[in-house]
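Here it is, the structure in full.
Note that the chains are named A, B, C, D, E and F in the order they appear, and that numbering of residues resets to 1 at the start of each chain.
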Amino acid sequence: MTEDRYERGWETFRTIDRGVGEQVLKDLEAIAPDMVRQIIEFLYGEVWSRPGLDIKTRTIATVAALTALGNANSQLKYFIHGSLNVGWSREEIIEVIMHMAIYAGFPAALNGMFAAKEVFEARDQNGES
Amino acid sequence: MTEDRYERGWETFRTIDRGVGEQVLKDLEAIAPDMVRQIIEFLYGEVWSRPGLDIKTRTIATVAALTALGNANSQLKYFIHGSLNVGWSREEIIEVIMHMAIYAGFPAALNGMFAAKEVFEARDQNGES
Amino acid sequence: MTEDRYERGWETFRTIDRGVGEQVLKDLEAIAPDMVRQIIEFLYGEVWSRPGLDIKTRTIATVAALTALGNANSQLKYFIHGSLNVGWSREEIIEVIMHMAIYAGFPAALNGMFAAKEVFEARDQNGES
Amino acid sequence: MTEDRYERGWETFRTIDRGVGEQVLKDLEAIAPDMVRQIIEFLYGEVWSRPGLDIKTRTIATVAALTALGNANSQLKYFIHGSLNVGWSREEIIEVIMHMAIYAGFPAALNGMFAAKEVFEARDQNGES
Amino acid sequence: MTEDRYERGWETFRTIDRGVGEQVLKDLEAIAPDMVRQIIEFLYGEVWSRPGLDIKTRTIATVAALTALGNANSQLKYFIHGSLNVGWSREEIIEVIMHMAIYAGFPAALNGMFAAKEVFEARDQNGES
Amino acid sequence: MTEDRYERGWETFRTIDRGVGEQVLKDLEAIAPDMVRQIIEFLYGEVWSRPGLDIKTRTIATVAALTALGNANSQLKYFIHGSLNVGWSREEIIEVIMHMAIYAGFPAALNGMFAAKEVFEARDQNGES
């Protein structure tokens, strides 16, 4: 059963990720291997994999929350990548970040916008949508 | 043109709201009438009405962000109402709040959950879905 | 010298306060008397009493920050009282709270506005400006 | 194995809790039963039960963090109870909350202090230390 | 009327800014041109331009709030520049940032102080007060 | 008496610090010398030196809080150094940071973990435990 969570976790993780996050997990492995396991088993295997809400909605909700919280620039960039990977358009991501200005203030939204800019430029260089 | 924003703002506001928010605006009117105007014209007339992202996605992103921020219990309840009003199911709202536990911590998600519980009970009493 | 800080602290405290805060300090005395001393000696005797910035500016900056932080409703009300006590008008306080909507989001500003409403109503009942 | 986590989770939960939290879980059960399971299995069964740091240190670190975050008054009270249940003294809890004033501001510490006051009074009435 | 807001917005913006912010708006233009318009029309044309509170008070309140929030280092530096541009002294800015230590904690104030240090050094190099 | 606080403050400061923080205080001295004095006299001389809670517990509580707040990366690294200096093991620090994931979210804990990684690597290079 734990084995299942672990397998399902990696599967969900790879639906969102295309290489960016895997390096972070490797860096984390060196210092806190059990946290890597928690991230795969619990975050991706238990929470992200729940059937009651599709992954596309989960990614945009995550982008919204991380923009609003404003304490996690690299994770925000990771989920902007992820949102594009699961089918959101750049325009929709721009919109959700602009939307956050009214709930978390313009500075939080501006920081989110420049995170998006970095992600879009990186993808342009790799020829990704 | 300002007139347009104002009309469009009320229209968007009423798509989400069914009476709960209107009372808050009336209370606010007594102390800060220009803030009521900003909320209708700018928040609803300019941001929420933008065509690049549908209102359904905006409501769930707002519920996610307000749960994560944890500083706005009454606004969160308002947008849980709003999410149900524009077509999200109770199960989906529960899911997005649970999802927030991993990005903003379990206390924030628990507070969000009890906000949802209050909203669902109020709607049960009014025979609303 | 410590004696000085303590005296100066109470003096500064009483410039801002008109009874509301004194009760809070008495309640706190019962559980953490040294924290009361820190508040009088350090907060009011050392920080608020510094000559480089006048008390009027310090009160409005404090109202701005507490509105933005959104985690201290009773302290915010206390400093709305304090701002009125040292010479700001109700209109100016409304303005600084509205101003916060763009830096900390509309929910934080709305909560600040309803805190101001409570304070103004309490003062109306006491015949205070 | 999942069974183990669940059992271990309840055991750890009951080391900290003496009835207060169990009612919260029952209320949560009605709306989000899977979140109750996550709390028992993951929070208490996987995180709190880890051998690398004793439960006593985990409770004081949790009180510190919840005081600093300031967004979870009822959970803070719960872990003040929990800290007393696992062997911290009232004086030590007062100290850690006072300590937070310098890292999260005096309003956050004051709110923490009044949460402690409520908990101590409730325990006095129940004849608990 | 919208035209008015736009003109008034730029005028207010230029009272505060001396070139630093204009480059940020140009960078933002490339990814979210409508957000640039919102910033000029709504932030500067509607909020900052309101007559009920002078621009000098608005800048110091903004520096206070951004120091306290701690999630917007580049915007904070921008408004430290702005505060100096509209007539605050360096000493007064140092004071308001120190003041924030007691409401948002010493780390937030320290980060604000090092932001001020960077701004002062940049201005020294440009021969600005 | 003030002299006492100042002496005691430096003594407590040096129990935690081994050079890292002293440079920060020197940088701060150039812009806000009175804040340096506050940090030594009040933070270290009055709060950290209080007898009701030992320094070892104060450091781990501080690491917990700064990880959770997520707005003070350099201060967090400073207190990870400090925690190791007063006797906590690397494993225990890893544990308290992992523990924060459930109260402040995984992004906050991840950022804390990478702060710890930097500190551990710096100490490896200096041959420190």
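Miscellaneous remarks
Definition applied: a residue touches a chain if its C-beta (ideal position, glycine included) is under 8 Å from a C-beta of that chain, and two chains touch if they have at least 3 such contacts.
Because the structure is a prediction, the values reported are computed rather than measured.
The chains in contact with subunit D as well as with subunit F are A, B, C, E. Copies subunit C and subunit E of the same sequence differ by a rotation of 180 degrees once their CA atoms are superposed, given in steps of 5. At the far end from subunit A, in terms of centres built from Cα atoms, lies C. Comparing the chain pairs A-F and B-E, the larger number of C-beta pairs in contact belongs to A-F. Centres computed as Cα averages put subunit A at a distance of 30 Å from subunit D. Averaging Cα coordinates per chain places subunit A and subunit C 40 Å apart.
Chain geometry summary: the mean Cα position of subunit C and that of subunit D are 30 Å apart.
Annotation for subunit A: residues 34, 38, 42-43, 47, 50, 66, 68-69, 71-72, 94, 98, 101-108 touch two or more other chains.
Viewed as a contact network, the protein chains are fully connected, with every chain touching every other. Listing the residues of subunit F that touch subunit C in their complex gives 1-2, 34, 38, 42, 46-47, 50.
Residues of subunit C that touch subunit B in their complex: 70-71, 94, 97-98, 101, 105-111, 113-114, 116-117, 120.
Only residues 42-43, 47-48, 50, 52-53, 57-58, 60-69, 72, 91-92, 94-96, 98-104 of subunit D touch subunit F when the two sit together in their complex. Listed in rising order, the residues of subunit C touching subunit D in the complex are 24, 27-28, 30-32, 34-35, 38-39, 43, 66, 69, 71-72, 75. Across the complex, subunit D is touched by residues 68, 101-108 of subunit E.
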